[in-house]
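Every chain is named by a letter (A, B, C, D and E) in the order it is written, and numbering of its residues begins at 1.
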């Protein structure tokens, strides 16, 4: 238990560390003028989140977070930013003024307060419906059978097979759409 | 006659035929418009007019049998037809007549040919559409009078709006756009709330019956609501009807609509469409919600509005520079009498109200026809633009005088009978209101005679009027039936009174007895 | 037949109509990309797409008559699904039919446009079927991604691009809320299956559960955005105006229908137990949409924008059906959807007919005196306007649509009488602009020098005629549609939801 | 509806006589109206072209010249239908008069206790109101029928001459016939509503005839004014009917009288009904405050003034009160009001009559004054006296009017001959006419003496009877016991008596003044015109002669007992006894009015003295020779000005009632309430509000994605707030 | 750590929302949306410790969707850039009213 205790302390420290990094980078991301800088800060948020995923026993998700999000999506973003050469000053001064920020902060805090209702302690206990408590407890307690990927793969290809297939159609549609939109205007006269 | 009618099974088919014939007429006219597209405009229009006239005359002749076939003394609905329409919602095509609706149906069918004749030459664009719309309008108007299913009634009630909207808006005067939209929306406000009320009634009825129904008879006999709900529902119905009547202060659409509408539109508006409001009170608002109608506060309120309408309409009519507007406000005044008669709830006043309903249709219809005729010649409705024209158009002047006198309610004309009955009957239950209402005999004379004087008497100061041509044979011919009606109803109204008396008596008695009953079952109130 | 959805082959069978469309779309995509862009190719692909849709409709109809059902799973096999499918498919067919003429006029050459419509439609069919929040999410995205692109299809039009961008950014924003809502609901109930959620909510008495409440609220935001309910409607007018008109019609009808269908299914199957919580918000959403849509429409001069606000108002009307939370409400909802879609589609078809190249001639003043040059077109437009207004006989089935909604509202266990009154009063306001269109067409003279509308293509004419005739005919005899919509209410397999009652 | 006590129709003694043709009485003039009306229409009408809007202006000129735009007063020739109209117009009247006389003879031949009631048809059978169209022939209506048809016949005949050159000749006779029709309905109608039909019908004809020459605005105005003022009275009549129906349950004379007798004596109900009825009478019979229309009504052709505004229609109010005698006898307070108003009217009208220059205006105020007398009579319950004066007044006032018509005719002809446009009715333009029209002159003097009350002329008897009745009832009657606003009835009656005497004095003065200025002294018509002045043709003077005779001997209808030596006493008293006797007795507490011979002699003496003094005063004081023609006259000052302008009552009504009503209607009701508040604020206001909201909403739609996101987020937090903070 | 993770998720989500509200560059706004999605993913992952792996499955789909949206979204941004030569949303407002 000693080890566990230490483990949990370390765990907590790491958790909070990455959490704070995520928040700080997110704030930096939102406030940076340059799109490139913003994108890089966002990448940092995503890395932090990947770490947190791992800490939450979602190692696979952590991995694809790095691969897909950081490695693919954000790269595309950066690519487009640079393609469009958005570094020039007219594009940089894109944020609202001080009051805009304050108002946004205020309204954001109001929303946060509302959303935070979900963490109210007296209800976290009954987060799991009574009849599910056993199942949930079992799920939480049981070591992940099939390693890291198995628990995800099983529902993905059984219960959510259809959804999985649908993503293929979705991606296809997105590709077609992207092509149609960005194709050179052959009909231009 | 009765034997002949029963030998052809007249009452079994007459009402649907009356409703369908104009609809076919509309289709026929549109078909003619398409088929004759290549012909000269004059020829096409002439044919369109003749076609329309033929349809309306056929309609009028067909409907005449109702006078004999509907026996007012029989308690049930006559010439009734009951067909399923939308079974899932319990909506049925239920139609039928009693003495009251029969007279109104006849008023409509008999007036329509005259309306056609009245706008024979004044419509010079899109003639086919014009007559087609008039026919659709007729379907709606007749439908309102014969419907015995609340939904059918509502549908018919609304149908009328569109043709009238177009008639005013397309063929109307300068401010036609404003007037037509105002007419439409004003009417719609009231009727949509009535729609909600109908739904509510229907859902209550369905609860009682166990299956959906909107049958007037069933609701009348079986649905009992708690007083608050009744008041709300009555209010919704009353608003719809009050707008249509129109009662003060919901009347302001009327002057605009009347003034801007072409002759046929004005005539139909005044003679028939306003009657739907009063008919609605008689057929629906009172019998369905007797406790609300008999509620002293409600009654006082309605009677007060009616009396305000009577005096107010007359006073405002007094200062109108536009003759059509004057007549419009006079309508407000006259319809106030009807409302007073209805809410006084005595047999005499109810009969009087029905009389005024018919009379106003005849007299004001005739007035608008006459205005239309003179407008066609002179293109102005302003009283000040006339004066002394009795010299050049004596026939017109004579007829106008007679019609004005009828509108004033001079004894010997129909106007007197109606107003007298309303007042004499209303005094029993609403003495003060009646006395105030009676003052309008003075105002009515004032505004009508003053206008009459400024139009046909006085020196002729406008040279434009010197060349006015008198009425032609068509115009004289179409006025003659109206004049006959004016005098006949004034001298010997008994046949008409006999037709409506039993229904009026039943209505008054049923409202009084039903209101005396305490609600058998209280259902949940409106939310 | 009762499909066992856990069995992949039976799942595929249950999903067969959707698969047919998706597979066909993929094939057509290949064909579309195969040849260089040209009008002929575009039309050919369009025809093929129509054929594909016809086939899918046939299959859907066939499925709908087989009395199918399924075990509890990620998709539903019930008549509500088939009904929604049919509405969306017909919408797609109309959109493609209109596009084929419109694209020629606007010189929109990519044949892929029709394929994207097909993809969007598959997304809708997925939505119609979805009984799992995951599928719902994917369906929405499949539909939306295609629509984002379709809105920006007209590459020569800045408006089109702008509309597309706005739709995309705000759509993605709203998707964030939707997804968050899904996450929280999942967190609260431990399930993403609608029926399971519904059961657990009822059994666990989740009414005071903060996470569930926030989740429901966020979900409502997401759906509210997709159906363009005020105050989440701001994108709609701009996007409707910018998008190619057939796509606007498609968005106003099929997209809205699909989004609403899944919204309704989620609410009927998963949310009955939360009625206390969502009743008032939906009530207000409905009222606000009706009020805002109808009043702001009064200020519009551009027909597409006018119809956009009108569609916002209609969102409000449809929300009344959702607010009832009853199966009767969902029958009314389907019925209304039919009525609304017909009229709306017809109206957009007229807009296309009157419009000119460059998406011009969409101003109200371009309709002045339309009656004197194109009488039948004007009459058809009047029918559509009156139908949208809910006027009996001349507005055909539109009246019964409102009627049904009002009936559902009044007969709901928690009667919505006040909302019904709001509905009718805002309908009065709506007369202000619907009638204005009629007035402009009939009562204003044709301006000097105004060119007559060009003759419309056969397909466009066909759409106008078909919708107008359908509206009028169904306005006289709506019984079939009533039976159809009543028979097509969602029927969750294992649950007796709290507010479920027999529809009327 | 018939009360059981009444003799059933068939069993009535009159049912077997010529009186069963009583329905023919009104029918004859109606027939005349129809024929003459048709001829009038045929004479002027020119049916328009089939398409009235086509070619609006092309034929304007042609229509103009072919139209009938000749000025009424300058018509050179007789109407093309003049012959047949002259035959039909008076012809139907002569026939009706013949029938009336036959009925009268038949009535004299039978014992008649109950009125003879002929039911024509069911009129308004509604609910409890089972109104039938019935004619009631009894002694009272017989008198009225005789007066109406008799005087009517004479005036019709006179009109043939008077109106011969008028282009509206057939129309004139049509209206006149119609008037007689309605007048007969009025006097024969068996219930109040039917009486009301006649009542309003005669008003209508009065309206049409006053405005006969409608191209003059003043004439049209006068007609309208007459109708509207009458309608104010009719309002009272209507309310009285409502009260009767609601409280007595009946509207026919028999039942109302029967039920009225059961009312409490002097009760509120009877008083109210009577006062409202009297309001009706005040309108029709030109009593204060509704007399203002009658002088203006002189705008009509003079025979019309004679027939309608002197002899028949305006006396309908008197008839109505006599007809409702039972009701009034139950309401002494109301009776006092009637009598007092009558007395005041008699007085004030007489003062105005003193200073009028228009010959017809003098006669008009004289009529108002005399009507006041009649109301005094019926007010004090001396119904027979009232009717008696009604009859004699019909004779002499018709004569006066026709005589003045003859004068005007002559004046007009003279002016016409020289194409001079001057006032043919102003006495300042007359003078010395005795030389030119002696027949008229003598006959008018007869009438003047009659109205002044010189003994043995007809007016003497009737006026004397009225004053006597008032005096007699000052003691020992229900009236004397009643009070009005705290003043005892006896005092009021004495006041009325005083007013009556003063009026009598003034009557003598202004009538003499009129005669002096018209017929005596030098002629002021003008040198050129003088040769053209001439007596009217025989067709006009003939009726004058008959009326003159009647004015002379009319008093013998009801000779007082005091003068029993000169003829049968109280013929009219006996004749009317079945109708009004009971009611009159109720007022006098069951006893016949009783005075000592001394008192009676004194009263007669006073009356004679006053009449003689008045004439003498006028002859002494007035100098016709000093008058100047109208165009040279100076404006009067002081009291003269007030009197000549009729106390400015018309102006007061105009400023105080008419204009305020119009202004309030226009400014407050129409512009303010109707277009301002209801239409502007509520109707268009709500439309505007909706549009404004719509406009604001569309302003929110900035096109900025940022704004949209903000709105969306505000929606989100509101929605989440609704969910989380419920 | 569940509550903390959920709270963090909420905070990140809010920051993303604030970003959307304050920025005017289309790409940055889009990135803010991506941040929001990431925050939601964190919630999913956190909740899956409670309810099993379904939440993680969802995250997989979310990422796919994000990728698809990125493809389409960036194409749209490029398309608008071709018209307006800017991605500043303040300058992209010809559609309004």
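The rule we apply is simple: a residue touches a chain if its C-beta (ideal position, glycine included) is under 8 Å from a C-beta of that chain, and two chains touch if they have at least 3 such contacts.
Model, not experiment: these values are computed from the prediction.
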Task: Mind listing the chains that sit against subunit A and also against subunit D?
output: C, E
Message: Quick check on the contact graph: shortest path length from subunit A to subunit E, in steps?
response: 1
Query: Which chain lies the greatest distance away from subunit B when centres are computed from Cα atoms alone?
result: A
- prompt: Looking at mean CA positions, which chain is nearest the middle of everything shown?
  reply: B
Task: Count the C-beta pairs in contact for C-D and for D-E, then report the pair with the higher count.
output: C-D
Message: Please identify the chain with the largest separation between its CA centroid and the CA centroid of subunit D.
response: A
- request: Determine the centre-to-centre distance between subunit A and subunit B, using the mean Cα coordinates as centres, and give it in whole Å.
  value: 70
Query: In whole angstrom, what separates the CA-based centres of subunit B and subunit C?
result: 42
Task: Take the average of all CA coordinates in subunit A, do the same for subunit C, and state the distance between these two points in whole angstrom.
output: 31
- request: Please work out the Cα centroid separation of subunit B and subunit E, and write it as a whole number of Å.
  value: 64
Message: Touching at least two other chains at once: which residues of subunit E meet that condition?
response: 6, 13, 16-17, 20-21, 24, 26, 29-30, 46, 50-52, 54, 57, 61, 65, 68-69, 72, 75-77, 79, 89-90, 92-97
Residue numbers of subunit A (touch at least two other chains): 96, 107, 111, 114-115, 117-119, 127-128, 132, 135-136, 159-160, 163, 167, 170, 173-174, 177-179, 181
- request: Pull out every residue in subunit C that's touching 2 or more other chains.
  value: 134, 138, 141, 145, 148-149, 152, 155, 164-166, 169, 173, 184, 187, 190, 210, 213-214, 237-238, 299-300, 432
Statement: Per the touch criterion, the pairs are A-C, A-D, A-E, B-C, B-D, C-D, C-E, D-E
Query: How about subunit D: which of its residues touch subunit B in the complex?
result: 41, 44-54, 56-57, 59-61, 63-64, 67-69, 121-129, 182, 193, 196-201, 204, 207, 211, 214-217, 220-221, 223-224, 227-228, 231-232, 234-235, 238-239, 241-243, 245-246, 661-662, 664-666, 669-670, 673-675, 678-679, 682-683, 687
Message: Please output the residues of subunit C touching subunit E within their complex, sorted ascending.
response: 134, 137-138, 141, 145, 148-149, 152, 155, 158-159, 161-166, 168-169, 172-173, 175-176, 179-180, 182-184, 186-187, 190-192, 237-239, 241-242, 299-300, 302, 305
- request: Quick one: which bits of subunit C touch subunit B in the complex? Just the residue numbers, please.
  value: 386, 391-394, 399-400, 403, 406-407, 410-411, 415-418, 420-421, 424-425, 427-428, 431-432, 435-436, 438-439, 442-444, 478-479, 482-483, 486, 504
Statement: Within the complex, subunit E is touched by subunit A residues 11-12, 15-16, 19, 22-23, 26-27, 29-30, 35, 38-39, 42, 45-46, 49, 52-53, 55-58, 60-61, 64-65, 68-69, 72-73, 76-77, 80-81, 83-84, 86, 90-91, 94-96, 100-101, 103-105, 107-109, 111-112, 115-116, 118-119, 121, 124, 127-128, 132, 135-136, 139-140, 151-152, 154-156, 159-160, 163-164, 167, 170-171, 173-175, 177-179, 181-182
- request: Could you please specify the touching residues of subunit E with respect to subunit A in the complex?
  value: 1-8, 10-19, 21-25, 27-28, 30-32, 34-35, 38, 41-42, 45-46, 48-54, 56-57, 59-61, 63-72, 74-79, 81, 86-88, 90
